[in-house]
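In what follows, structures are represented as structure tokens.
In the two complexes below, chain A is the common chain; its partner is chain B in one and chain C in the other.
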Partner chain A sequence: MEFVCQREELLRGISIVERAATSKESMQILEGIYIRAEGDHLHLAATDLELSIECDVPATVVQQGEAVLGSKVLSPIVRKLVGDQLVYRTSESGVAQIESGPSHFTVHTMVADEFPALPEVESTGLWRISQGELRRLIRHTAFAAATDDSRPFLTGVFVEVEQDEIRLVATDSSRLAFRRGKLLEETDRPRSGIVPVRALSELMRILDDDDDAVVEFEITESQAVFRAAGVQMISRVIEGQFPDYRRVLATDQPTRFRLDRIQLLAAVERVALIARRSTPVVRLAVKGETLSLSSREAEVGQAYEELTVVKEGEDLETAYQARFLTEVLRAMDSDQVEVGLGDGLRQGSITPVGDENYVYIVMPVRVG
Partner chain B sequence: MVFYVQDCSVRPVGEENAVSSRFPAASQGRTVVHVDMDAFFASIEALLHPEYRGKPLIVGADPRSNRGVVSTCSYEARAYGVRSAMPIREAYRRCPHAIFVRPDMPTYVAYSRKVREVLDRFTPIVEPLSIDEAFLDMTGCEHFYPSLHEMGKAIKEAIREATGLIASVGIAPNKFLAKLASDLGKPDGLVVVSPQDVQSFLDPLPVQRLWGVGAKGAARLIAQGITTIGELRQRSLPWLQRELGHSLGQHLYRLARGIDERPVEPVSEAQSMSREITFDTDVQDPSLLRSVLAKLVADVGRRLRKEGLFAHTVTLKLRYPDYTTITRQKRSQLPFCDDDRIFALAIRLLESINVSRPVRLIGVGVTDFVEAKQASLFEDDSRAEAISRVMDAVNAKGSGRLLQRGRELYRPPAPEKLDPGAGRGPSALDNPVDV
Partner chain C sequence: MRAPIRILSEDVSNKIAAGEVIERPASIVKELVENAIDAGARRIRVEVRGGGKELIRVVDDGSGVPADEAHLVFMRHATSKIATASDLFHISTLGFRGEALPSIASVARVEFLTRTPDADDGILLKVEGQAIASSPCGAPVGTQVTVTDLFYNTPARFKFLKSDTTERRFIADVLTAIALAHPGIAFRLVMEGREVLNTPGSGNLKETLGAVYGRRILPGLVPVDGLAPWGGVSGYVGKPDLAKGNRSAETVFVNGRWVQNRMLYAAIERGYESLLAHRRFPLAVVHITIDPSLVDVNVHPAKTEIRFRDESDVFRTVMKAVRSALLQADLVSPLGQPQGSGPAGRPDKAPVDDAALQPKLAWSFPPLGKGGSAAKRAPEEPSAPVWAGEERGTYTLRPQPTGMADRALHPVEAVGAQEEEDRAHSPGEPPPHASLPLAASEAERARVAMEQGSVAHGYDPRELLATAEVAGQLAATYLLVPVPFGLWLIDQHVAHERVLYEKALDRWEQSQVVAQQLLTPYTLRLSPALAATLMDHLDAIEAMGFGVEPFGGNDFLLRAVPPEVTGRPEPVLTQIVEELALIVSEGGPSRKERAAAALACRAAIKAGERLQPEVMRQLIRELATVENPYACPHGRPIIVQVDLKEIERRFGRS
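Our next item is the complex of A and B:
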């Protein structure tokens, strides 16, 4: 194999695919980046068998062929080289020579035949959505998924497609984020599946800033496929039954109030400072038009703060984990939020004012 | 903590005193607050029963009984000479038209907690003395208030707003003076003793006001012509030690000068709760160990719930006849406070230990406490907890435990295995040892 390409182009491709390469020592070939030179481009790929990312990079191919190079070797070399152009050549013995500017590297390669076959797309036709819409759907929900893997089906985002609507739901069983969005065209194939959070966060890195650019995607029985900006990402979907989220999606709390999102976020962050040794809990109490936030930590101290709110309903007191409030308030975009406090052990809700497509549900902590 | 940066090398020697009077050193610059609820039980009763208000109200034993005393009485009852700890018959004699109420401790405890929550808002250094009294160390918080008087007003007002009850507050450089100050202002008092006023505050007070001077001590001092703290202060230390004994003399010598260095000590919460019993005769029967364990769990669980805590970890302790002791722990990701959960973890620990020889002692404990438990959207695990709490409520009413779990009952092994000594062991169950 021999090719010449723009170093920046190759670097861009490597940065996209390398995140799918494994960092585990168990299978060396999965640490590698697969490169195939053919026609007028290079095809790059990496996979850890759960997630695979592929993309094409323009190149002048002198001799077609394929090779696998360790991503931890290749990536820093290409990043640090100074020349505009990069010349790559594999010798008979399987040693790669990389030249750019004044530098010359000789690097051992792995046997390309050992690289696993990438999953074929089992598609029957892809759905289309705008990048801006997909970005917002992911940003508003993925943070709420579970991070511990005791219940694997909660470590992903539940994606539901029906007619021209797409719904993303994530929960760790203590709180839940729901967002509804629009597809560019209607589909006659309603589908759902649980997509790992890791795949979605890699997708966020791949998507560019153009809100109107189109992403093609599909969820099948076993895989989720995303295509955007010349990149294809295929992830396995997580098996298991996602909980019935509709049952808990209530926003009819007995106490509801509106206030400035950033103001509330800052107040929760401040009050939570006192309790940082364990899981910070913030008590919320609404009395009249005053929302008080407080927190205490044995042997550390206490914090107390008051905010003025526009309230409907009764006076109420409850307590939530601070993280469950700050994460959603950071993810939201609206200036104002509406907060609903549940009585007893019932769920509370946070919704952006003027955006009925987003609902966040949070369960209180019980103070013994 | 407040730091005052002083550059000693450039400061002229003569200015030292001037500086230290403006910036008192930490040891003399404490701000201790004593909060004492006015007629606490009686005030709560009056709050809950508006018809009691403004009338002599006596909380205590049944006035028709020959035994029992006054627990608290309203200020209206005090006008008739009724006092706390007075025999209830005597109180009835002095004020027969008073309203007599039996104490409702759970309600008083709930109010005490509310007051405590308010106090915790002012400082983390809160030392509760009893159900209706506490010390606060507010050193370093002075600048949050225009004056110490305003600080006291803020505390009183916060308590009144949260509970509807009135507290008397004393603020002084130490515990002794703060308690004295709150006492002197009662009811609805607020007395601030600033460092420069200590002596003028103390001197006119009768010697009985000194902490440690009982009726006897006072009589001895009065016989020597000492009736006020000021008069006591005129006497030398050797004289006081000769008259009153070495340590009491020293103690009163210091108190009369307003010196009391006892720190305000916040009570730290328990790190673990456990129960264990030692058998009269060593036990190997697994079903007996199981039922004993269930009883111990019921005790530990009840205390855990009473404290309003949740635990993450269960510890099992076994001691063999040769005194070798083993402990095993199991941690649960989700905190718990119900008996079922504690028992499930404890029995798993017991089963994991191959009990191949007799056991002299068995104990179970919970640790790794949290005060709050995250509720779940999809799984409702509150049922087991609700059952435990209902059992607590029922068992709290009678004497002894009315409700028990089946697993606490011991069924002796089948008759053919039964030896004449069977039935031993459980005799010790009635009195498990608190640890």
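Our next item is the complex of A and C:
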């Protein structure tokens, strides 16, 4: 294999795919980046068998072929080289020569045959969505997923597609985030699957700033495929039955009030400061037009703060884990939020004012 | 209708006396073994079957009983150990009442086979009720007592015995204590055909401790040494990470006699001050030597109680000795010791046996029962270590000169401190355990000093944890934390376990319930026994933050969880219930400790989990706030320290 390419372009490709490479000692080949030179480009790929990322980089291919280089070796070299152009050549013996500017590297390669076969896209026709819409869908939901492995189906985001609507739902069983979005075209049949949060956060990195650019994607029985900006990402979907979120969304709250999102966020963060050892819990009490937030920790002291709100419904008191409030308030974009409090031990909700497509449900804590 | 006064027959009075002396199989073991010790035995073997109800046999190689005195052995108040009442004030033997054997014989069948060194033949006594049959019989020098069919003639007493398992535990406890009291005697305990205890009898207490509790505890032992005008205190205390949830590893002897005395336990525990978490108890073996005329052991027939003339003086001496020993000890589990002497000002003296007993050295004990070199060895002479070649290459396996012993093993000079202490307390003050025996400021000073001394470098570990950064994660299990004097390895699971444990206990103590409600309840199915346990402890389980609702049969709905439980909650609750099911009436960790430990263990970050940098950082910050950052609720160490000095030495820089 022999090719010449722009160093910057190769570097961009490497930094996109290398995130899928692992450092599991068990399979050394998975540390590698696969390079195939053909036609007018290089095809780069890395995978940890759960997630694979591939992309194309333009190049002048002198002699086609394939090679696998350790990402820990290749990536820093390409990053540090100074020339604009990079010349790559593999000899018969599997030693690669990399030249750029004044530098010349000779590095060992791994056996390309050992690199796992990349998953085939079993697509029946990709859906299309704008990058901006997809990014918002992920940002508003993925944080609510469970982080531990004991319930794998909760460590992903449930993605549901129906006609021209896409819905993302994530829950850790104490709170749930739901967002609805639009596809660019209608699809013929509804489909759904649980996509690992890790795949979505890698996707967020790959997507660029252009809100209008198009992402093509699809979720099948076994995989989620995303294509954007010349990159293809394929992730395994998580098996299991996602909980029925519609039931959770259906309930209503007897007390609702509106206030500034940033104000509420800052107040919760302040009040939670008092919890030094315990899990921070914030009590919310609405009385008339006043929302009071308080928290206390036996050996530290207490915190209390009042905010003015626009309220509908009864006076009510409840308590939440601070984290369950701050995370959502940070993820949201709107200036104003509407908070609904459930009575007794029933669920509360937070929604952005003026955006019907987003609902966050949170269960209270019983403090005694 | 009043009955006339009668003198009780010997049979009846024996049985009454037996009620006081012989409560259970363990009491028999204790009495027989004490007799063997009094007879100067070097090796004592105890065999137990059926929890001791079926058979107890104690074999010793002691002096034996001459054939012409043998008939007296089973007579009440017949003893070779004291002669006059004034002897009672100078008792140096364990027995003195002449009551044990008659008491045992009145409630069980007994065979007593004995031979003195100068007799050719032994004598065998068979006792059943009042009948004693004796016949000459070949026997090794020493005595073998076999007790069968315990309480065969007092079925009411038999019914009060606990399960075989429980009785076995009592027996093991008794023999453990006795073995620790007599490191110079080799003890072997075989129960139901299984060897449970085997001590070398080399005269070395630390070695004996290793045989009893397992060699892994050896590095955690800190020698205690205190002097007082009336005698002194010696022994070992365990570093806080060896603490347990009950007092079962606190063993105290007064003049070699095992005693269970609250004042002495309190003195030892007070010596740990804040080093132990609430309701944690240390591993400690403390020997008190005291002028026999200053104690009264004759307060209870079982002789495990004791009275001191001057309680407060004993209390202070014990507490001070324990405290100053710990003050000198490096309480972060060390990994390799720096070469050269300890930090400035530290005495470099170590007792000879300690130097020979470097904790991680591999050595073997001379085998027992092969014409026993161990048995013949003088009690005070330490056995020489035998290097095990295959372990030679391991990290800590290098012999160290006496003066360079483990810092944790330095003995403590308690004398100076003692005088200061004496001046501070005039006689006639209330008993010290009633109020804190140190002035508040002094107590505070001691606490601070201890925490500083705990890493032996003048740093408070918690303060370090509050500011340190995590450099990385090793094997997805250990956090690497550079500290000014080396590197700390922090076990992520154990550390998190400790954090969660204390959080749970804290909330419990402040009766603060925090129950995170769940969007959709989980269902939980338990075995009938566990379901019953859950219902028994429903109050406690709800107090922890679980919301549980019976759902018919052995099914439950789980509606809320403590906030620490972020994963699947059913296994956590199941484990807690299983743990609660283990609670038995006798002692052990309390219900909340068990439950908190089970919760912490299940909910904690697992070993092998790759952690984000923020998560690792958060973890050490939280660890900085716990009371005991040294050990998890099960006693496993949290922090292991690699000394910079050691690193430098290995790089050839020192």
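In the analysis below, the second predicted complex is superposed on the first by the 364 of 368 C-alpha atoms of A that agree within 3 Å, B and C clash if a C-alpha of one lies under 4 Å from a C-alpha of the other, contacts with A are read in each partner's own complex, and residues count from 1 in each chain.
In the analysis below, contacts are C-beta pairs under 8 Å (C-beta built on N, C-alpha and C of every residue); 3 or more make two chains touch, one makes a residue touch a chain.
Remember, predicted model here, so these are calculated numbers, not experimental data.
In this superposed model built on chain A, chain B and chain C take up the same space, so to speak, and clash.
In the superposition on chain A, contact of A:S294 is made with chain B only, not with chain C. By the touch criterion stated above, A:T171 is placed in contact with chain B and with chain C alike. When both complexes are overlaid on chain A, the residue A:L118 reaches neither chain B nor chain C.
By the touch criterion stated above, A:Q302 is placed in contact with chain B alone, chain C being left untouched. In the superposition on chain A, A:V4 makes contact with neither chain B nor chain C.
In the superposition on chain A, A:A146 contacts chain C only, with no contact to chain B.
Touched by chain B in one complex and by chain C in the other are residues 148, 150, 171, 173-176, 243, 248, 278-279, 281, 298, 321, 345, 347, 361, 363-368 of chain A. Against chain A, in their complex, chain C makes its touches with residues 502-503, 506-507, 510-520, 547, 559-560, 563-564, 566-568, 571, 622, 625-626. In the complex of the two chains, the chain A residues touching chain C come out as 146-151, 171-176, 243, 247-248, 276-279, 281, 298, 321, 345, 347, 361, 363-368. Residue ranges on chain B touching chain A, taken from their complex, read 120-121, 123-124, 266, 268-269, 305, 307-310, 333, 337, 370-379, 382.
By the touch criterion given at the top, residues 148, 150, 171, 173-176, 243, 248, 278-279, 281, 294, 296, 298-302, 304, 319, 321, 345, 347, 361, 363-368 of chain A touch chain B in their complex.
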